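There are two complexes below, and they share chain A, which is joined by chain B in the first and by chain C in the second.
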Partner chain A sequence: MEKYLYITLFAPLVGSLFAAMFGMKPKKLFVGIVASLLLFISFISAVILLVHVASTDEVVKAQLFDWITVGSLNIPFGFVADPVSTVMMVTVTLVSMLVHIYSIGYMEHDEGFNRFFSYLSAFVFSMLVLVMSDNFAGLFIGWEGVGLCSWLLIGFWYHKPDLSRDQNPSISPAWAANEAFIMNRIADLGMLIGLFIIYWHIGSLQYDVVFSHVNLFDISIITMMGIFLFIGAMGKSAQFPLHTWLADAMEGPTPVSALIHAATMVTAGVYLVVRSFPIYSQIPEIGLWIATLGAFVAVFAASMALVNTDLKRIIAYSTLSQLGYMFVAAGLGAYWVALFHLMTHAFFKALLFLGAGNVMHAMDDELNIFKMGGLYKVMKWTAAMMIIASLALAGIYPFAGFFSKDKILEVAFDSHHYILWFMLWVGAGMTAFYSFRLIMLVFFGEERYKKYGFHPHEAPWYMLAAMAPLALLAIVAGFFEHSFEEFVTTLLPEYHFHMEGITKVALIGLTTLIALSGIGLAVYKYSKGGFSEKWKENPIYKLLYNQYYIPQLYDKLFAQPYRELSQIAWKELDLRLVDATVDFIAGIIYATGFKSRVVQSGNLSKMLRWMVIGLLILLVLVVLYSPVR
Partner chain B sequence: MITLNHYLVLAAILFSISLVGILRRKNLLMLFFATEIALNAVNIALAAFSKFYHDLTGQLFAFFIIAIAASEVAVGLGLLIIWYKRTGNIDLDTLQSMNG
Partner chain C sequence: MDYILSLLVFFPAVAAVLGFIVDRDNIKVYAITVAAIEFVISLILWMAYDPTNPGFQFTEYLPLVPAYGINYYLGVDGISLFLVVLSTFITLIGFISLTVEDNLKNMLISLLFLEMTMVGVFVALDAVLFYIFWELSLVPMLYIIGYWGSELRIYAAIKFFLYTFFGSLIMLVGMLFLAYLYYMATGTISFSIPDWHRLVLPFDYQVWLFLAFFLGMAIKVPMFPFHTWLPYAHGQAPTIGSVILAAVLLKMGTYGFVRFSLPIFPDASIALITPIAFLAIIMVIYTAMVAYAQEDMKQVIAYSSISHMGVIILGTFAMNVEGIAGSIFLMISHGIVSGALFMLVGNIYDRRHTKLLSEFGGLAKVMPKYATIFGIMVMASVGLPLTIGFVGEFLSLMGFYKISPSMTFLGGMSIILGAVYMLRLYKTTFFGPLTNEKNRNLPDLDGKELTSLIALTAVVIWLGINPNPVLKPINNSVESMLELMEKKAVTKEARELLHANTVKLEAK
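Our next item is the complex of A and B:
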């Protein structure tokens, strides 16, 4: 079985290196096909592993080689396929494979076609290292690897110029890429500290060792571990206050947004919390804090999605909000529910993004949903699949989101955190509203695109074919709830519900009710032409539209003072002190050389004279200081 | 009676003569002569020491020096002739192309 583990892990790496060989060459179609095929191989062997682990309850382990062995520190390159990691592997490789196939069509006319596939496959490899590693150090390598690939891919169109924040809220791809990278570095520092604390106290970074020893320690130490690891998770999963990068990351190509900034990488934080459940189950107060932050983000992000006019940003805020839901489940100890929502969310959110990619393709990269409308007539398939994804996102029976999201609300209610439940309930209503606001504005109503001179067309068949499996999964994934629970709870703790049947039914009813009324409101309002213009003058609208002015605040609070400090350090410290010292020393040497260059006259007899003088001096010294007397 | 000191004084005198030659002469050929005198001054000293201490090493060294001096002169004279053919003189003061 180790063989399949290696195939899963290394097939994407081979694809990436293969594509990289053609990196600077003009577009080669086979590069995309080979990369997709290797991903397919990786996916198949991941499925084989999943079936094997599920049927035999055996955990497959493999050790590639010793990586760091210094004194008592021993970190091997080890990989593990247990229920949690196989679920992640299958999800990651499945979505990646479909996104690869989709990208062959989406990036068709791009100069960087080969480069794109190289980065994309490298991302998959890093993500697999992250989820398959059997120790925290390997996880951290994958963690940084996906960060790097995310940076490369957000800034894929690095040649675009910087615009002001009014013209483009993300300024430019290069700017957005740097923002994402820097935000993640801040969080990674927290994570590194967490890893140091773990190593300091336990003396190992292997999951088995850490998790079997963690309960021997004082609660304050475990709390520290939990807090610092979660700071890392906050950066990667874009939780408040490190959330601004995710919406700006939409500057990257749309398949990237689907794969990295919706389905896989951003869920790494949730994966970390789920994976470290033995730590977090010792410290329920921190768990509650995580859940509270998650619920806050769920509502906070959904509120920004309500008014935004940018197709991809709306979906990005929705991702942020759904990550908040996952953290609520993980924080309240329902780890398998978090993982389940992670998986279903990966399917329908990737689908939603790929659909958005089709729309962008049809509309010549236009993103303003108020310039679209009525696209249903020309893009029936895309519209149908995006509606499926939106229904799943809104949590309507029988779509996948219904099973996973309602479970999270049930968990919140069941553990008597009624305020959290209420926040999530409101969030569910907002989710339904903004999803269908988007659908209505893009696909139905007045055909505004004609005014702007667009000629939309449906995407080619293979792009739609790549989306079809995701659409299917968005419909049926929910029905695997029980087998999923059974499978992952062999590793993760179970969550016991205490609710009566009637309460449960009432809760489901309430949630469905608010979701339906959200959808209803959106459909009703936007089929009548939407809200009136004077809403735009409303201060609340302005607050939400400008993302609560948080990017501006960060700019004022951190970026500008830092810039000024750097200016001072440059002009006063560097130029006047450091550079001046170095220049002074260089000046002395230069002047001495200039003065003494006359010695080098090139005249042989003068040189011989100097030589003789030197010889005489040495002779005198020998006579005066000779040790032998 | 001629002692070791006599030989050494002779060697020192010869060496001083050659040193003056090296310092004062401007003709490259004369410079070669001066160098030869210096080498032979050393040879005399080595041979004298060898005889005095009944150790053949010194004389052996003197032979080595003679052989090496011969080859050195062969190479040096070759270069000198080429230089003369090119420039038409062998005055040291005109040899300043390495001026810094």
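Our next item is the complex of A and C:
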């Protein structure tokens, strides 16, 4: 079985290196095909592993060689396929494979075609390292690797110039890429400190060693571990206050947004918390704090999606919001629910983004949804699949989101966190509203695009075919809930519900009710021409539209002062103070030498006089310090 | 094999002398051949080195002035072995990428002399010998900056020379006093470093001597606030000068801390951890900010060197195997990465005769190979895992965490601020539209430049994925050094700290 583990892991790397060989050459179609084929191989072997692990309950482990061995630290390149990692592997390779195929069409006319596939496959490799490692350091390799690929792919169209925030809220792809990298680095420092704490207390970074010893420690130490690991998770999963990079990351090509910034990389934080459940289940207070932050982000991000006019940013905020839902489940100890929502969300959110990619193609990369409308007539398939994805996102039966998202609300209610439940409930309504606001504005109503001279067209068949499996999964994935639960709870703790049947039914009814009302409101309002223009003058609208002014605030609070302080540090401190002091001392020495040069005049009588003075000084010294007195 | 170290030290020097009679047109081939042979010898040394033996190997001993305990005494252990290999490797790579035309012969001969002093410093086991090589290394560098530098070269060269010379003189006084103390303790004078390692000193003597050595090392490293000679030296030096200065010469200072300060003055080193860590943190944060403010590419990298040296100091003063081994590994990796970065800046300077950031932008389209290698080196510099830069930084910070979590947090700002100035540099140079017409037709890297840069890239990735061949010998020698320190520590605090400085399962 080790063989399949290595095939899953290294097939994408081979694809990436293969594509890299043609990185500086003009577009070669076979590069995309080969990369996709290798991803297919990787996916198949991941499925074989999943079936094997599920049928035999055996955990597959493999070690390549030792990476770092120093003192008592030993970090091997070790990989593990257990229920949690196989679920992640299958999800990651499946979505990646479909996105690869889709990209062959999406990047068709891009001159960086080969380079794109090299980066994209490298990302899949890093993500697999992240989920398959059997230790925290290996996870960190993948963690930073996906960060690097995200940087490369957000900045893929690096040649675009920097614009002001009014013209482009993300400034430029290169700027957004750097922002994402630096924000993640801030969180990574937290994560590294988490690793240091684990190492110095346990002496190992291997999951099995750490998790089997963790209950031996004082609760305060476990709390520290939990907090610092979660800081790392906050960066990758873009939780408040480190969330601003995710919306800006939409500057990358849309398949990248689908794969990295919706389905896989951003869920790494959730994966980390789920993976470290033996730590987090010891510290329910921190778990509650995580859940509270998650619920806050769920509502906070959804509120920004309500008013945005940018097709991709709306979906990005929606991703943020759904990540919040996952953290609520993980924080409250329902780890398998979090993982389940992670999986279903990967399917329908990737579908939504790929649909958005079709729309962008049709609209010559226009993103303003108010310039669209009525696209249903020309893009029936895309519209149908995006509606499926939106229904799943809104949590309507029988779509996947209904099963996974509803479970999270049930968990919140069942653990008596009614405020969290209420926030999530409101969030569900908002989700339904903004999803269908988008659908209505893009696909129905007046055909505003004609005014702007666009000639939309449906995407080619193979791009639609790449989306079809995701659409299917968005519909049916929910029905696997029980087998999924059974499978992953062989590793993860089970979550026991205490609710009576009637409460459960009532809850489901309430959630469905608000979701349907959200959809109803959106459909009703936007089929009648939408809200009046007066709304745009409303301060709340402005606040939401400007992302609560947080990017501007960060600019004023951190970026600008840092720039100015750096200037002061260089020009005032380093040049004026430190270096000037050195030169000053050197100047004094030089001046002293220059002044005392008169001593060496060469004049005999003067020299004799100096000699006498010197002799006298020596005599005085002898008298003062003489040992015999 | 018995004389391999002498061969390593004096082969470049003899070759340099013979270089005077080599024809001008052949001198480059000659120099590259010499450097290649020297590099191969250092590889043979590495192959023949027994990693399980933590002590000094290939020792050579020849009395010079027996009455004063001055001997010709050479040897390598895990701590110095890779610095030797680094010196010969960087010299070879530097020669291959050399583009200087003016008075090439003199430059190559000075560089070969410089190679002798670099190897000499790392293999000398006699303090006087060490001091001679240490000071001699200034002379070729003075000449290289002063002759081939840009406008302010004389000022920069003199500043470099006098500043570091001043520090070393105080270190020399410390050495003489240490030999005197050895005489008082044993009745014979000795300048042998292994002898000094065994010498137990009272605490107050340790502190004064530590400070004397500290000044010499700190100026060389350079530590804040003694760092201001470095930006001038880098700013004025030709590319090859900067490469060797950053890659090897700075490491003499940090090597000195590990070779002298820690094992000879364990109690003083431990007592002074906090103030030194404080300086190191200033180096990390403050110079990272200064690097961010720079307008010249080369100065960004010059200041980034100081920032990274701060992490090395933190690792060294972690007083545990993880930290010290990490800091030695970081010396190697910083040598490779900063050398490569200076070379890359040199490549663009050769094309445009400017290093100002404002002159560039959008280069990734024009010079994709250059942009790729630069990108890899930027990532290695910010310490991305699976590049060489991660291992040392990770281990250094991890080691220091045991001493002080809060100070490690501040030192760890290096991973954030490093990304800030490096990504800014990369963005302004390579991203955005190509605005400057002069850059439109820049040629990409040629074969000569690629040869040297690909070799460096290969090392960056190879040692990033598999650092153990280097880490193991370092690990063993550092372990035995720490045992020695624990044995000879006189104060209770030092003994307790050294004793508790390993992982222990703290069950509740």
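What we mean here is this: the second predicted complex is superposed on the first by the 572 of 629 C-alpha atoms of A that agree within 3 Å, B and C clash if a C-alpha of one lies under 4 Å from a C-alpha of the other, contacts with A are read in each partner's own complex, and residues count from 1 in each chain.
The rule is short, and it goes like this: a contact is a pair of C-beta atoms (placed from the backbone, for glycine too) under 8 Å apart; a residue touches a chain by one contact, two chains touch by 3 or more.
Every value quoted in this text rests on a predicted model; they were computed, and no experiment measured them.
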item: First, second, both or neither for A:Leu73, with chain B first and chain C second; value: second
item: Partner chain(s) touched by A:Val612 [first = chain B, second = chain C, both, neither]; value: first
item: Touching partner for A:Leu553 - first (chain B), second (chain C), both, neither; value: neither
item: Which superposed partner A:Ala591 touches (first chain B, second chain C, both, neither); value: neither
item: Partner, of chain C and chain B, that touches more residues belonging to chain A; value: C
item: Touched partner set for A:Gly602, first chain B, second chain C, both or neither; value: first
item: Touching both chain B and chain C, residues of chain A; value: none
item: Residues of chain A defined as touching chain C within the complex; value: 23-24, 65-73, 137, 140-141, 144-145, 148, 155, 158-162, 172-175, 178, 181-182, 185-186, 188-189, 192-193, 195-197, 199-203, 213, 216-218, 221, 562-563, 565-567, 569-571, 573-574, 578-579, 581-582, 586
item: For the chain B and chain A complex, residues of the former touching the latter; value: 19, 22-23, 25-26, 31, 92-93, 95-100
item: Complex interface listing, chain C residues touching chain A; value: 162-163, 224-225, 227-229, 231, 286, 289-290, 292-294, 320-322, 325-326, 362, 364-365, 368-369, 372, 379, 382, 384-386, 390-391, 394-395, 397-398, 401-402, 405, 408-409, 412-413, 415-416, 419-420, 423-424, 427, 430-434, 465-468, 471-472, 474-475, 479, 502-508
item: Residue ranges of chain A in contact with chain B within the complex; value: 597-605, 608-609, 612
